[in-house]
Amino acid sequence: MKQRRREILVAAGALAGAFLTGVLKPVAALAAVWNKEAFSAKDAAGALKALGAASPAASTAIAIEAPQIAENGEVVPIEISSNIPGTTSLAVLIDKNPFPLAGKVDFMEGALPFVKINVKMRETSDVRVIATAGGKHYVAVKEIKVTIGGCGG
Amino acid sequence: MAAGPMKMRATLGSGFTDVRVLMSHPMETGQRKGPDGNLVPAHFIQNLTVKVNGKAVIEAQISQAVSRNPVFSFRLKGGAKGDRIEVSWLDNRGETNKTETAIA
Amino acid sequence: MRTVTFGAVLALTFAPAYAQDAKKEIQKYQQMITEGSPVELYELEGEDLWKKRQGPKNVSLEQCDLGMGPGRLKGAYAHLPRHFPDTDRVMDLEARLLHCMLTLQGRDLKEATKRVFGNADRPSEMEYLSAYIAGQSRGVPVSPGMEHPKERAAFELGRKLFFNRAGPWDFSCASCHGEEGKRIRMQDLPVLSTPQAARPVVATWPAYRVSNSQFKTMQWRINDCYRQMRMPEPTFVSEATIAMNMFLTVTGNSEPYRGPGTKR
Amino acid sequence: MTKSVLLGVAALLGACAAPLPIGERPRVNGDDIDQVTAVLKRDFHVRGAAKMDRVEQDVVQRTCNLYADSPPPEVAKPLEAAQLKAVRYPAGSLLGDWKRGQRIAQSGRGMQWNDKPGAPAGGSCYNCHELSPQEASFGTVGPSLKAFGRTRGNGPDMQKYVYGKIYNAKAFNLCSNMPRLGHSRTLTEQQIKDLTAYLLDPASPVNR
């Protein structure tokens, strides 16, 4: 059960290094794209545009499971899933974060459109989840309130 | 904790397999000031890849908005005892790590 | 105390729906962060440190006796603090680990206690070890030593310390943790002198705190309360700190240990 | 006594020892307080601004410890009066700037060993009190002070009461949980005036 690797492999250039050390197979390396434009967008509209999902249709088939109140913005657990048939990707945007796009997950054959991860939220904000299915984009929104937890000192 | 150890747990459900991966990583935003008053440089995982029996099933791109020491849960369709799951990450400095487990 | 409890029940009954919902949502938050906790990573590191040869004698801690016999970890944490005949002292986990570092590994006190509380970038050896060892008690009911005269004396001292008001702000532990249904900011305050409030606390410490991504031990928890009470600093594993720990653990005894926990 | 008798007594004591009094507040006497203070002196150490004199109890603390925070009126009243007598009221208006007061009310810093020595402290007010309706994260250890000035008035008497209460809460209720923020030199005269304004000024969010 315990699986771990201590050695962190630092490469001169990320992808070249990955090839050299053979940690990531070429297939994975090719797929290791990071949408810099979308991740650098400073508002949700910009991020959506860069994702090619400028005007998604509202959908009730996207589930966002998250607490309405997070006691600490450093860790806000969110669980997202889609019941839209043929969902191939889910993206999470936190409107009020300095860079709203928190992640985009692509699902291939063998994976269900379901992800759970902890995100940072700078303040109370709408959280937007974009699902992509059959080349179309859908959206669901949930507000999460961020409060100060303890003594603050 | 510095970037390093990972741990994965796969649980066979009915018709799907729940997988949870724990990763040690600072996930620095690049906007936080360190004790010396200078900004701590951004250092965060950008890519996560999940493979089952060698075949990629999930490719995720993530940002510095993911919390420190990320815990990433996902679901595989079906799944059988002995299926080999591999999760690897690549961060913005080109550091990478991976972990493997077999569905028990 | 009885009237206070009654008052709290009334307050809960008539609390506006909003407050009820907020409470429910915060409970949900608590549950979700526990599910998505990286705490096992600390246990893994702690296991490595437990087995790592260190100190002038270049031996591991694997022969350390935490009360169940040398090297026996299963359930050991759940039976602490307790009296140890070899030192004739009541010791908690960190006190005993320190003892083993000094005796088994031959390390000196100054070196071994140089950095007992770590940070997010570099947790301390004590923190990693506590995570690993506490994790070996999951499912074991919390049952500290309650028979030996020194164990009983530690409980009594801890109880007096808990209610002792001092310092520039006139605080005792009970100033915050003394009345049902109160909170600091949004944080609910358990009345730690009562079993029902102490049980979930002692069943989940040590714990990972998501607010600062740090793994924290009970010695740290007590230390940090005294900081906020505006008092001088408790000396690591001093008798007073172990007595406080003993008071809390005895008060909250009997529930199966389910930590290391995850806190907001 | 012979050794065997001693052992027998010890065994008896061990076997019959009463269960630990879990869940109850102990009644303490002067010796107990001295014992606890001695333990603190031995087991705690100086750090930053937190010096060891802090473990010594003044008459208010000692009295509250002795009476489990409920001293009889004949004990409490004279002590409250003495505390009130020691409150130093500044000359002139007691109303400062509510905007500065709001920042002081929000801040939980000050007097801790990790606080920068000399840096202005906060009042930690929101830790225990509800004040402005705009701040949802408030504690409930103390009573709600929402709309305090609007409902209680803000004339000279009220100003004097509020200033005095913040300066030394024990002058009004000997074993109050509230720190003596002026008496302990946590807050300055100006800071207490700013807090007084935060509670009483009609323009303050507390009263809007």
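The first chain written gets the first letter, and so on, giving A, B, C and D; residue counts start at 1 in each chain.
One rule holds for everything that comes next: contacts are C-beta pairs under 8 Å (C-beta built on N, C-alpha and C of every residue); 3 or more make two chains touch, one makes a residue touch a chain.
Since the structure is predicted, the reported quantities are computational estimates derived from the model, not experimental observations.
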item	value
Central chain (by mean CA position)	C
Of A-C and B-C, pair with higher C-beta contact tally	A-C
Where chain B and chain C are represented by their mean Cα positions, the distance between them in whole Å	30
Separation of chain A from chain D, taking each centre as the mean of its C-alpha atoms, in whole Å	46
Distance from chain C to chain A - Cα centre to Cα centre, in angstrom	35
Chain centre separation in whole Å, for chain B relative to chain A (CA means)	12
Sequence positions of chain A contacting 2 or more other chains	2, 4, 74-75, 79, 116-118, 147-148, 151-153
Junction residues of chain B, two or more chains touched	5-7, 67-68, 70-71, 73
Set of chain D residues in contact with two or more other chains	112, 126-127, 136-137
Chain D to chain C touching residues, read off their complex	14, 17, 20-26, 28, 32-33, 35-37, 39-40, 42-47, 50-52, 54-57, 60-61, 64-65, 68, 111-114, 126-128, 136-141, 170, 177, 179-180, 184-186
Chain C-facing residues of chain A, complex	2, 4, 66-72, 74-75, 77, 79, 116-118, 147-153
Residues of chain A touching chain B in the complex	1-6, 8-14, 17-18, 23-24, 27-28, 31-35, 39, 74-76, 79, 94, 97-99, 101-112, 114-121
Interface residues, chain B side, partner chain A - complex	3-9, 16, 29, 31, 46-47, 49-52, 55-68, 70-78, 88, 90, 93-101, 104
Contact footprint of chain B on chain C as seen in their complex	36-38, 40-42, 44-45, 120-123, 210, 213
